[in-house]
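The structures considered in this document are given below.
Here chain A shows up in two complexes: once beside chain B, once beside chain C.
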Partner chain A sequence: MADTILEVKNLKKYFKTNKGNVHAVDNVSFTLERGKTLGIVGESGCGKSTTGRTILRLIEPTSGEVYFDGKDICKVSNKEMTKLRKDMQIIFQDPFSSLDPRMTVSQLIAEPLKYHKIIEASGKELEQKTEEMVLDLMRTVGLAERLYNAYPHELDGGRRQRIGIARALILQPKLIVCDEPVSALDVSIQAQILNLLQELQKERGLTYIFITHNLSVVNHIADEIAVMYLGSIVEKAPVEELFQNPLHPYTKALLSAIPVPEIHKKQNGPVIQGEVVSPINLPDECRFYKRCPISCEACRQGVPELREVLPGHFVACGCCQ
Partner chain B sequence: MNSSNEVKSSVKQNRALEVWKQYRRNKGAMIGLVILIILILIAVFADVIWDYETDITAMQVGDRLLKPCLEHPFGTDNYGRDMLARIGYGTRYSLSIGFVSVLMGVIIGVPLGALSGYIGGRFDTILMRLVDTFTIIPSLLMTIILVSVLGTNLLNLMIALSISTIPVITRITRASVMVTRNSDYIESARAIGAPVHTILLKHVLPNCFSPILVQATLRVGTSIISAAGLSYIGLGVPLPTPEWGALLSASKSFIINAQHMCLFPGLAIMITVMVINLVGDGLRGALDPKLKR
Partner chain C sequence: MKLNGKNGKSDTNLEQIREKTDLAVSVENLVVHYETSSETVEAVNSISFSLKKKRTLGLVGETGAGKTTAMLALMNMVPNPPGRIIEGEIRVNGLDMRKLTPAQLQHVRGSEIAMIFQDPMTSLNPVLTIGEQIGESILLHRNISKAEALKETQKLLERVGIDPERYGEYPHQFSGGMRQRVGIAIALACNPSVLIADEPTSALDVTIQAQILQMMRKLKEENDTSMILITHDLGVVAEMCDDVAVMYAGHIVEYGTLEEVFNKTKHPYTEGLFNSLPNINNRVEKLQPIQGLMPDPANLPKGCAFAERCPYASEACRENPPETHSFSDTHLAACTAYQDPDFRIGRNK
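On to the complex of A and B.
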């Protein structure tokens, strides 16, 4: 494997409830190369966001290992974790609730600098350099300078999301988890933000984990896609491969559900029946078994492992070859 | 770069100035502030305006129970003392009782509530049950018990009143901290590596400010009224101190033929409570950038 920045091994996060454990993230493993983008797709409630947050240790994992630049971040002390946070950042889904309403744009962008010593200066000089850095970053993400002292509630969603991006960027991180960064925005702004993210990636060599439920978005930005269903990755492959040769029945159904801008187009491909099984106290069989159009016997014998069926193409299904 | 800096600095404003500008727009709050300042000035300079020995406590039985007239705008009491002077001097006691007791309550209640709400778990449970035991006892009864145990003087009255304020403030703080704690911007602060105390002080508490402030201003009024009530039943500040509640209490035997004796202290209490609420409301509006127009 070439330059691996992130390696996730058997990551699990169970939430305890009165009825039993909710398997939010169940045995997720993957590796991510530096400078690449991994798209994580799946329906609502399948554990995409929890996976992203557990990787950043914003949620403590139940078990498993997350190696970031060779360091297992689940085992480091809080102090070291704070240092590591400089290198791994997150962009939140909802730009309306992820910015403190009592801070101005400049305060929001400059806040990370207070906790991480990036600028080597003190007193007046620090203030000036911070200001320069904030203005520079505002230019980079496309925020007008007159917004320097504006409050987030005065701005629209796209601009707010740019603040969120600037806030993540100011620490010059290596990895950014983008947790549905465009799903709260309208379509024209979605494209702008996606292009901005791509440009930034090219310029700064960033690595993204891009969480979304929008397959067109992920097609646009990702190098590799992992499809999640009920807390587990069911299929993982490079973008073109996944779109042209989906193997898992769930992936096939997902892809066939992408709306095509054509009148009288007949929907082909499998349609999934039924509803998602409750993630509490799951039976020992394929998570998708009850809804699977194929539902072969192999999938009843325990949860299928993620296997490499083609180079770079992994699938967790008992009967797909 | 130079020109752009100028553009920005013209927009840049002092935070305090901004709050003041915002505050000034609220007419009611401005009227409240002016009256409050006058009241505070009266309280501070009470001993300059009136002499305690001759104006406040000296009895002139010949002038007893005079109706309001030019010489005594608020009339006189049953010992012939000028009511205006006594109410004016009483501002000192009533205002300080109101403010100090609430301040003590806030100083203790806010940190307790914030920690309880933010940490949660067993700490929260134990603390809240403790607070519950305080709330079970009616606050006036609680104050009466404390004052009779500690003895009747101004400081003990303040302590007793603040103890019945603490549970209220703790609960309000806890409730709003629990709401704020789960918002995305708190998680965002954790993601950039902000330490816990910074998150609490810089992000959580400022966003819980409104309900706490509203409650605190309301409590100032309640405390003044409670103190008045305690003085009324003789457990407040000992006589002949002209605390407003004590003045009201003294008026009860003369309510048939000297209504002015209860009217004016009552008005003073009412106006003070109203004014404090107005100021509190104005502050809340001015400090919240979202309410900016």
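On to the complex of A and C.
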């Protein structure tokens, strides 16, 4: 029996606007095993970040259930939620805007400890224990001790992202949502952070939800990948299966659009035309219908459901089912 | 707009000073510094490269490597102060860009060399319609009426894949990909023979990036344009470029044809870049990042700027600036380690 840490069922998040509801997250369901990494991939505006945040209840879902360690977190009280948050943390995308510029590195890393009153001590003892924990964690994420009293503006992007990682780790969470943690970084720094995240996962048995638009990155780090388009998961499969045998036309188009850094390795797939349609008041048909190179009649008969077509390989497409 | 017609006469002046050449761009020993009261940032340090007609040169490097500054210098557009072209020779279509008068420069920019900017969200003027922004350079450079300019604008819109009827709309009414198409239409307005594209697709989603790159390739072929493509994405380089220059801390560390730089890589930094990239065709257990950070361009070491992060560095590398070694007529690498004729980087073993 698989050890499930997270189960998401029919999660929906609609944002009300004057023009109608924005379907940011529409009927997303998946389960995630402990110690694994789920990559959520998609283009801007497909709802991947909103999904990540709704799972942590940083945004209240419109409807749906999120079971974390067997408990439906959408139904718990705020007080209980605060306790649960210790186990579920997030690393934000932009290390330049997600850190308070007026706090030092040590204050930033220690903030969650203070908020959750983790250390049961007071006065000098509390200070000393906090300092120990912060320094210990700074070593873990590869920040030099001399940066203890530095401010974020003194640091480069890679180091700032290490602070973000340290902040997420200090509460010893079980699940971390990584929301585009490397997309603001240069490639050589990006590789350093990806390696760090992988090492930490091995050491601490962490479970990651890794949100990104970069398919090469997700291919490297994830065990399983969910491809999102306009608020819904259109395909979900183990990483190798998805890259070798993509079924949904959108996944195929995404994969063939990635520029590969090798000569004559261009995956000459079709370049899909058109752009993502507005997520407001969506018609009752396949979300990808207007851009789809196949688009058969079945696609117009309502939104296709995510179905298991091969063991572990789910796809929501009228034509390929 | 009352800009038309003024610039027609500078043409003759330009032809007198133009040297005959088959190079679209040639740059020799270009040095650009940003000078402030407290420090001097050595952004571009003695780089040389050339671009043959109808070719595409990829300029690769990480943030702060000096790519954009080098290209601004090419158009003699480095913001001054604090920027200053200290020395070097810059020729575009045989014209010495540093010796042109402001009026001549204005004529050359746009009609002979034009630029596509990185961020389509901020590079367009939000209070002018896209038609006005595209038409502006047509009116400025060509002696035609407003009605004719409008027709030209609509033709351009069609070429970049935008409905010509949308010429009266404002930038905020377009998506990111569409705005970048507008940026490309502006750059193409006067059929420049040299096009500089500064990270034209970095702000776009992959499927939109694929559309834009496909379109740029098509337009380049139709117009016989020579292009310099600035990017940090080696995948985009592989798809678009004929030649590649890799920049690090203001220097070109490796320079060669696409084939040479990708398959016969010589410089340890280029190798490091390849090893840092997760490759979709070849999943590895662990990436091999380049350790450390790029040195502060305001405080460059006296030896090789990459020595501190280089796995092959010796004492000589830290003491003296790197020597340039050539491996073929077209392939250069600035690396002292090649003094030893048997030296090979890991990638080539």
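We adopt the following convention: the second predicted complex is superposed on the first by the 311 of 321 C-alpha atoms of A that agree within 3 Å, B and C clash if a C-alpha of one lies under 4 Å from a C-alpha of the other, contacts with A are read in each partner's own complex, and residues count from 1 in each chain.
Operating definition for what follows: a contact is a pair of C-beta atoms (placed from the backbone, for glycine too) under 8 Å apart; a residue touches a chain by one contact, two chains touch by 3 or more.
As the structure is a computational prediction, the values presented were derived from the model and not from experiment.
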Contacts of A:257 with chain B and chain C, given as first, second, both or neither: second
Contacts for A:158 in the overlay, against chain B (first) and chain C (second): which applies, first, second, both or neither? second
Is A:62 touching the first partner chain B, the second partner chain C, both, or neither of them? neither
Is A:217 touching the first partner chain B, the second partner chain C, both, or neither of them? second
Touch check for A:31: first (chain B), second (chain C), both, or neither? neither
Considering only the touch criterion stated at the top, classify A:271 as touching first (chain B), second (chain C), both, or neither. second
Touching A:183, do we find chain B (first), chain C (second), both, or neither? neither
Is there a shared patch on chain A that both chain B and chain C touch, and which residues make it up? none
If we count contacts the way the header does, which residues on chain A are in touch with chain B in the complex? 53, 56, 58, 81-83, 85-86, 89-90, 92-94, 97-102, 111-112, 114-116, 135, 145-146, 148-149, 151, 153, 164, 167, 171
In the complex formed with chain A, which residues of chain C make contact? 62-63, 175-178, 205-211, 213-214, 232-239, 258-259, 262-263, 272-281, 283-284, 286-291, 293
What part of chain A is in contact with chain C in the complex they form? 43-44, 156, 158, 186-192, 194-195, 198, 213, 215-217, 219-221, 239-240, 243, 253-263, 265-266, 271-273, 275
Within the complex, chain A is touched by chain B residues 4, 7-8, 11-13, 183-185, 187-195, 198, 203, 206-207, 288-290, 292
